[in-house]
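Take a look at the structures listed below.
Same chain, two partners: subunit A is paired with subunit B first, then with subunit C.
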Partner chain A sequence: MTAELKVSELSVTYGDVAAVRIDELSLDAGEFGVLLGPSGAGKTSSLKAIAGLLPGAAGAVHLGGRDISRTAPEERDIAMCFESYALYPHLTVRKNLEFPLRAPRRVRELTAQERRRRVDEVADVLGLGQLLERRPAQLSGGQRQRVSLGRALVRRPTLLLLDEPISHLDAKLRNGMRAELKRMQRDMGVTTLFATPDQGEAFALGDRVFVLDAGELRQVGEPTELYLRPSNVRVAELLGAPRINLVDGEVRGQRVTVLGLERPAEGLRDGPVLVGLRPADLTVGGHRELEAAVVAVQPLGNAAIVTVKVSGQTLRVLTQGAFDEWQVGDAVGLGVRSGSLLLFDPVTTMCVKAGI
Partner chain B sequence: MMSKLGAWGRRLFLLVWVVFALLPAYWALSTSFKRQVDIYNGPKMIPFVDFTPTLDAWQRLWVASQSDFLPKLLNSFVFSAVSSLIAVVLGAFAAYGLARFEYRYGAYRNDDISFLIVSQRIMPPIVSVLALYVVYVQLRALDTAWGMILAFTSMNLPIAVYLLRSFFAAIPEELEQAAALDGYPAVLRLVRVVFPLAAPGLASAFMLSFFFAWNDFLFALMLTFNKAQTLPLYISSLSAQSQPEWALIAAVGMIALIPPVVVTLVLDRYMSKQVLVGGVR
Partner chain C sequence: MSRVELRSVSKRYPKADDLAVKQISFEIPDGELVVILGPSGCGKTTTLRMLAGLEGVTSGEILFDGKPVQDTPPAARNIAMAFENYGLYEQWDVFDNIAYPLRLRSVPDAQIESSVTGIASGLGIADYLGQRPGALSGGVRQRIGLARALVRDPSVFLLDEPMSHVDADGRNDMRLEIRRIHERTGATMVIVTHDQEDALMMADRILIMNEGGIEQYDTPRQIYDAPATAFVAGFVGEPPMNILSVSRSGDSLDGAGFAASIPYGLDAALVPGRQLVAFRPHLTRIVSGPAAGAAGGLVLTGQVYMVEPFGERTIVTVQVGQTRVKVESRAQESYDLDSVVSLLVRTEDLHVFADPAGSGRGERF
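Coming up: the complex of A and B.
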């Protein structure tokens, strides 16, 4: 059972403070949407408002064409994985997984045998088979996370809301869970909204990414599109790691000057401009477009983040391959890949030109 | 070496403590087997050596059980158990409300309401009991079971509310939200998730209420005179005759000890549970 989600004019207020204001957010049936935003952006509030858990929320929520704005959370057929996992500590893993199936609205649909089979099935997929008789207190963080995911999936919800479900796992587990999550979501075809502050997860999982900042949606699109054509500085900062470099530039006579580099900038008015340079679009050594000095080298294994200083500005450069050739204090050449500049209006922070 | 000394020291301390705690109970138990003459002749603790034990008091209690003793024991138990149950159930709903929702009645907020409720116990009962007597006369509640249950409940409710509020506040709200999304309406969320997690609080509130009602003397003294009399009054009546019946008093006292001990043993396993661990990170 899969359905499209349409949220409009959603707002959440705590006292007098508006935490979330979303004009429109829609997901196609079976789509995997990622709600990307820094901590405090209002991700959790948004998810809980869609689920109907916040009394201070207003707005319309349609699921599968049905208006559920006034439906109680227990009748919405929405499952959610909480960032805190929110497992029932007094129940075993099996009882936790069974809990949604024993709810009054479902208890008559399933026999005890079918219930057991569904739990075993989900436990099997998530590798929880050995843990069914344990209590949450006896589980590791990763195991608790999987139980929480299993509890959401076991009832085959119409909409699945995931609140940073894997960001607290260790790196190895996290990569595994990403792939697993994506596969399960595809298999079940459940419409999913996944909240995370991690741009890597947005790239890896999202069919579409909704960038949330200070409670408002800044931009919506496919991850690559957001990366290449961010509509404003915040979006550019949130997607791409290491973080985008922002330096001051100047537009004069249809050309932009930044760090002594000149590029054509047709159609822009003269004046100051904020220039975004992605660390991955910069190179050190080789062709010497600009003169730079190495300030710091942070090895990443197969790559390194080299921090350089150019005309008084500090830039992060993501280098590939052999990084041990750079030493702090070295004078190096800095190259800027053509077609990689992003220009922003310094006042409105909106993107005025991309890809020059 | 040090740790061995420490272990022995701990055992010694515990032994001293056990003797200290149980000596009064033993004294009462031994007294119940004494003759009047042994009771008045200084402390005699060891049967067959210090004194000659006799079943006299227990036989008299058996004879008295039908007419006097058993009805009063039953009264005490029923009043205590029923009033504690009502106090815990009503108190749980009030405490849950105070822990989860924000109330505002004029200048009164949740903390003020809590204080107002618990302040009902600040006044010594002896101050209010005379007024209560007058009210009970008007209500024809004197010497009735429901009157005593009402009195005990009203005394126990404030403590139950105050105690349970902090237990409910400690339960993460997200567990209830999870239960809501799992398909459970509000009342079932309470029954299936909140109350089990507040079990230590519910158990302690029941115990405190039970002990208060079981040990009450004042309310029973003022508000009962015959058919609703409780065990403490019966015990007291035994010393108000020509001479105090110490052996009989001790025997009744030993029996009066049993229900609170049983309640404690039954509820203790709920109280020591670390129920909240592992639910949320």
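Coming up: the complex of A and C.
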């Protein structure tokens, strides 16, 4: 049973600090929404407010057309998975997973056998099969996080709220579980809102991404849309690791000049402009348009982050290939992929041109 | 500065059946930065805590510059440690928190001022020096803990998951900063993390642990290019290597629910019976439709399980029999879920590992 989510005029204040102010956040039934924002943006507060766990929060929450703004949290049919696990230390993993199905208001919905089967199913998907008889104290951090996730999933709720549920897992587990989570959500069809500070993760998982910064939504859209056309500098900064390079440029006669490069900039007035260059859209090595000097090299396996200086500006480049190719001090050619420039108005910070 | 050595160190927790750390031995030359990398539960934090003296060793020796220290209390080992859970003094402001170790040692105020502000700037927390930690976010609190450890001049720095609560972008800056601090102080550093990017970027050498033992101890380059075991192959790299358990029979490699012809040129590396074949996702080509003839490499057919578009790259998870294989490409491609696709990996990009116990944890040939 799945339903659409409609949140309006959501506000959360702590003392006199307005932590969250969201005008509107909606998800279609079965949609996988991602709330993307840096640490401190208000992701956890937003999720808790939707779940009804913050008595001081204001705003309207509608689930499947039903107004649940004043419904007690346990009656909202929302399951939430917290970053801090919140497991019952005196219960085994199996009993922790089963716990939501045994709540007094729910215990008669399923037979004991059906409950066991649900738990086994979830445990299987999350790789917890061998750990069912352990207690949380005997689990590693990553294992606890998976139990926490399982406990939210076992209820098959109408709305699933996930607060950075896989962020503390190692890369291998995280990779595996991310695809599983996405597939599970697709198969279960449950409306989901997933909070993360990781843009890559947001893009990999989300049907739609809600970019949250300092308590406010900066842009909402499909991942590709956000990546190709961020609406302002802040959104561009929040998307992509390493962070986007921002360099001063100049528009003159409908052409933009930056770092000694020139590109057409139709429809733009003369004046200064802020140019965004994504590290992944830059290349180093060989004969290229620009000459740069290597300042730092950080190896990454089959890639590297190379920091270069060009025309007095420092840029980060995400390269492919062998990571012992460049040394600090080397002179290298720097190339910029065509169609990758983003131009922002330096005063309003709005994006005025993309894809040149 | 100190050379650190562990000789046959084991740790058993009270009432535990298993050893958390199983007779490990390794040496860290003076001034090296070693990252201990492994999945949650592998024993890396236990190892670090034994180095610090916060846990006793069940057996074995720990030596700093040739002197046994396993019975020396932490305070007498001249180490500095930063924890994942910060351990900050809530009643003091950030400046005083970071300054504390220096004040304990009666360092002059002027020097405290410059050391603290220097470290704080380097870690991006200079703006918070006058505030109390309580109001600050997890990422900032973690950096304060790190600053407090790094502001001293100990023999060995021990850092336990020092950046686990910091965002991707801040993480990158901090890795650079830790490397810079390491180069500037020349201190021996041991850093524990589960994040293989941290390891690849910061380490002089990486010690990979799994289930209480050491899988490989080598430079990042060697670990990436020449993983010693299937475990290392599957753990390092983002996304990790695909590992297929196969059985060689005649001209074909049989796996769980799939079969493939033996690629030309791979014959010499294979043995009869079971083994593991591994390859990196970014070296795997994917095309729509079923495989059509041999093509100078390993050819597999499967169905699309999931597509994850990351922006500048896409990861496609393909169900091949009962295994899931990941493919990474730079293009913005899209495949229908459950559609049939074929995968191709060149012979020279294949790694083969022995798997005598059929456990999926092979040793390299």
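Simple rule for what comes next: the second predicted complex is superposed on the first by the 351 of 356 C-alpha atoms of A that agree within 3 Å, B and C clash if a C-alpha of one lies under 4 Å from a C-alpha of the other, contacts with A are read in each partner's own complex, and residues count from 1 in each chain.
Convention: a residue touches a chain if its C-beta (ideal position, glycine included) is under 8 Å from a C-beta of that chain, and two chains touch if they have at least 3 such contacts.
Note that this is a predicted model, so its numbers are computed, not measured.
Colleague: Who does A:Ala72 touch here: subunit B (first), subunit C (second), both, or neither?
Modeller: A:Ala72 contacts subunit B only, not subunit C.
Colleague: May I ask you to decide whether A:His168 touches subunit B, subunit C, both, or neither, giving the answer as first, second, both or neither?
Modeller: Both partners, subunit B and subunit C.
Colleague: Report for A:Lys48: first if it touches subunit B alone, second if subunit C alone, otherwise both or neither.
Modeller: In the superposition, A:Lys48 touches subunit B alone.
Colleague: May I ask you to name which of subunit B and subunit C touches more residues of subunit A?
Modeller: C
Colleague: Under the stated touch criterion, which partner chain does A:Ser84 make contact with: subunit B (first), subunit C (second), both, or neither?
Modeller: After superposing on A, A:Ser84 lies in contact with subunit B but is clear of subunit C.
Colleague: With the two structures laid over each other on chain A, which partner does A:Arg278 touch: subunit B (first), subunit C (second), both, or neither?
Modeller: Second partner only.
Colleague: A:Phe99 contacts which: subunit B (first), subunit C (second), both, neither?
Modeller: The first partner, subunit B, only.
Colleague: Does subunit B (first) or subunit C (second) touch A:Gly15, or do both, or does neither?
Modeller: In the superposition, A:Gly15 touches no partner, neither subunit B nor subunit C.
Colleague: By the touch definition at the top of the document, which applies to A:Gly141: first (subunit B), second (subunit C), both, or neither?
Modeller: In the superposition, A:Gly141 touches subunit B and subunit C alike.
Colleague: So which bits of subunit A does subunit B touch that subunit C touches too?
Modeller: Subunit A residues touching both partners: 139, 141, 168.
Colleague: Which residues of subunit C touch subunit A in their complex?
Modeller: Per the touch definition, subunit C meets subunit A at residues 38-41, 137-139, 164-169, 172, 175-176, 194-197, 200-201, 220-221, 224, 234-240, 280, 282, 305-306, 308-312, 315, 317, 324, 326, 330, 332, 337.
Colleague: Quick one: which bits of subunit A touch subunit B in the complex? Just the residue numbers, please.
Modeller: Checking each residue of subunit A against subunit B gives 48, 51, 53, 72-76, 78-80, 82-90, 99-100, 103-106, 135-139, 141, 144, 151, 155, 168.
Colleague: Okay, in this complex, where on subunit B does subunit A touch?
Modeller: Interface residues on the subunit B side: 172, 174-175, 177-185, 188, 192-193, 196-197, 199, 274-281.
Colleague: Quick one: in the complex, what on subunit A touches subunit C?
Modeller: Within the complex, subunit A touches subunit C at residues 38-40, 139-143, 168-173, 175-176, 178-179, 182-183, 186, 197-200, 203-205, 223-224, 227, 239-243, 278, 280-281, 296, 298-302, 305, 318, 320, 323-324.
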